[in-house]
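What follows is a pair of complexes built around chain A, which joins chain B in one and chain C in the other.
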Partner chain A sequence: MHYEYAIEGGNFSKAGLASSEVKKKLRQLNVDNQVVKRVVVALYEAEVNIVAHAYNGTMNVEIDEEKILLVLQDSGPGIPDIEKAMEEGYSTASPEVREMGFGAGMGLSNIKKNVDHLDISSEIGKGTRVEMITYINRGR
Partner chain B sequence: MRDPDFHHALKIVRELCIGCTHCMNICPTEAIRVKNGKAVLIDNRCVDCGFCYRVCPVNAIIVEQDDFDRIFEYKVRVALVPAVMTGQFADNITTRQIHSELMELGFTHVYEVEQGVEVLYETMKEYLENRKETKPLISSFCPAIVRLIQVKFPALVDNLIHLKPPLDVSALDFRRQLAEQGYDNNETGIFYITPCAAKIAAVKSPVGEKNSPITGVINMNFIFNKVFTRIKQRKGNSCIIPETRNLTGRAIMWSLTNGESTHTGGRSLAVDEIHNVINFLEQLENEEMKDIDFLELRACDESCAGGVLTTANRFFTVERLKKLAARAGDGVTGNKKDNNMIERAKTRLKKQIPIQPVRPRSMLKLDEDMAEALRKMKRVEEIGKCLPDVDCAACGSPSCQSFAEDIVQGYAKLNQCVFVQRIFEKKGILSSEESFSIMKEVWGSDKLDKNC
Partner chain C sequence: MKVSELVNNLGLKVYSGESGIDKEVEGGYVSDLLSDVMGNADTGMAWITLQTHKNVMAIASLKDLACVILVKGLEPDPDMAAQSDKEGIPVLGTSGQAFEITGKLYEMIKK
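Up next is the complex of A and B:
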């Protein structure tokens, strides 16, 4: 199954909608609760990252019997130092964004914790691509 | 291991149902369909919130209760009455007056459900303290919410607090007290006067408990009518003085919105009305909201004051209970006798208040087998492309999405959609006579044999 969702930069009122849609699909597919939980948490973080930092983006979801592949691609400022951005507590979010309860600097590290494979590539001034894989039957 | 099926207090009376779709459209778990012109309940989706009962224009949905005369099968006949019962009446009718009318009706004892609150409150404080790492802990007070989480938010079942609601705590304690007074347990019938359908379902098939200490359940509107008639007809000068212990303010307010959350400490939140709760839990599952310690979730607007079996306007009920609570105060600490009693009850009930973990019973999955579920999901998507997305419900399902799922599961046929029928007719696949008979299958003859 393949799904694509558009993500609008700067619109926090719509942040989380795509993640909720994916969650619904995974439930219908009878994917284990704990797996659903992890995927959705990672996906939501990644979705909010695009809303908070980029101009716009897309979320591509590919589900088969073995795994859930999520690719989030945005056009935005890019991440200058990916390794640093992965550190817990590191954040570039503006005070306004923090005031809304986002931008605590847990985003990327939280994603990493919740997926089996994470690959981030970024080009300054162009955008960022986040690829995540979660295996459905691992550790069951 | 499979759970036994849910017992449902809500029943659709076929003879009365006119197949109007009101109930189907409001149902928060999409548990109703229309077939042969009648609403049909899908058992494992229904959470007994009672919203269908509220909107039915012809009273075809009933809340099944125990026959009132059943109380007379018992020597000791206890009415277990929630505080919102008093809130059904105007200020000039006292709780004592209501309770003595209940005794005139045939009960030998009248107790208030919320007598169990103080014990539960103390137990809950310890419970919350010991389980701080689980965030948020969700109250299991409202049985419709417990069931909603089981069927729609299975990932959150571990967040539910495993403690009995005040109703069960009180019933257990009264049973014991009566036994101590020398009454035979088998001759003691405890009847709960319920403001909602979900509590009935919870008594008849408890979640996380083996069986309920409650003998039977009687609807609050039924009892209200009996009591109010007596008062109106001035039969009401009852001389019976029921023995009641005054409730604390906290206990009086417990079943209302914020009744629990104001006492749980930490970051506590209350959400009422089931559609609001669903939206909230959607967000919670994404972990959009962090650091909430305690969640009080209630299916009805204004919580139990808005129960589907209440008669009075819910806002008046809340107003009256607030006044009573302000007068009562949370004066437990001042009264040594009460304090001792709570301490004793706490020790007695300690082992009985916890319940077993609640198991998820997801209604969402298309199939147990993921490969099959994937195939079905693809079919749902394909069918979805043919459907108009107007959610008119003329097919007998509440939305185009649920209709597509029903087709894939074999419960409906694509040509039940009025839009698809037009398309098929234009293509010459379906004749208008065929469409007509298909619609008769969904809606029965009454709606289609009309002289227009």
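Up next is the complex of A and C:
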């Protein structure tokens, strides 16, 4: 099964909508609750990253019996140093975004903790692609 | 314990999301950092915070939290209240500080 959602950069009033739709789908498909909980954390963080940093993006979700494949692709400034960005506490979020309680530098580590496979690739001035895989039956 | 019992025992205001007043509260989490809550809160918790914008409800819904408790007399932004009504997750309020309400809530919930 495949679903695609559009994500608007800069629009915090819609942040989380796509993740919420995916959560509903996973529940309908009777995916194990612990798996849903983990996927939702990773998805939301990846979605908010697009809202906070990029111009626009897409969330693609592919579900089969074995795994959930999540690909978030954006048009945006890109990440100059992915290793640095992965460090807990490191953030390039704006002061406005931080005031809302985002931008604590916890997003990518939340993602890493909650998926089985994470691959981030980025091109400066073009955008970023985040690929995540969670196995459904393996637990973790 | 139900959200309604928290409201009655702690004298909390109910700003919105009254349809969720019978939700079970199984614990609490105190934080103003959204990713902290996203990463560490769990189903059925009451979230104590000073954040009053709509994204709080997105997280409360994704994490299946029982309710949100705003501290220091803060009120939810109109779009936060509207989202709370839509999701049926109550937004409550206290005039006290996070420290006080957390202590009281802890006393009520701990077995």
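Keep in mind that, in the parts below, the second predicted complex is superposed on the first by the 139 of 140 C-alpha atoms of A that agree within 3 Å, B and C clash if a C-alpha of one lies under 4 Å from a C-alpha of the other, contacts with A are read in each partner's own complex, and residues count from 1 in each chain.
Simple rule for what comes next: contacts are C-beta pairs under 8 Å (C-beta built on N, C-alpha and C of every residue); 3 or more make two chains touch, one makes a residue touch a chain.
Just so you know, these numbers come straight off a predicted model, no measurement behind them.
Participant: Mind working out whether A:G107 is in touch with chain B, chain C, both or neither, as first, second, both or neither?
Facilitator: A:G107 sits against chain C, while chain B stays out of touch.
Participant: What is the contact status of A:D64 with respect to chain B (first) and chain C (second): first, second, both, or neither?
Facilitator: So A:D64 only meets chain B here.
Participant: In the overlaid three-chain picture, which partner chain does A:S13 touch, first (chain B) or second (chain C), both, or neither?
Facilitator: A:S13: touches chain C, not chain B.
Participant: Regarding the shared-chain residue A:K24, is it in contact with chain B (first), chain C (second), both, or neither?
Facilitator: A:K24 sits against chain B, while chain C stays out of touch.
Participant: So in the superposed three-chain picture, is A:Y135 touching just chain B, just chain C, both, or none of them (first/second/both/neither)?
Facilitator: neither
Participant: Identify the residues of chain A that lie in both the chain B contact region and the chain C contact region.
Facilitator: 16, 19-20, 23, 37, 40-41, 44
Participant: What residues on chain B touch chain A, complex-wise?
Facilitator: Those in contact with chain A are residues 154-155, 282-283, 285-288, 360, 362, 364-371, 373-374, 377-378, 381.
Participant: Going by the contact rule set out above, which residues of chain A touch chain C in the complex?
Facilitator: Per the touch definition, chain A meets chain C at residues 12-13, 15-17, 19-20, 23, 37, 40-41, 44-45, 48, 100-102, 104, 106-107, 109-110, 113-114.
Participant: Please give the residue numbers of chain A that touch chain B in the complex, ascending.
Facilitator: Residue positions touching the partner: 1, 16, 19-20, 23-25, 27-31, 33-34, 36-37, 40-41, 44, 63-65, 136.
Participant: Of all residues in chain C, which touch chain A in the complex?
Facilitator: These residues of chain C touch chain A: 32-36, 38-39, 43, 49, 51, 53-55, 58-59, 61-63, 79.
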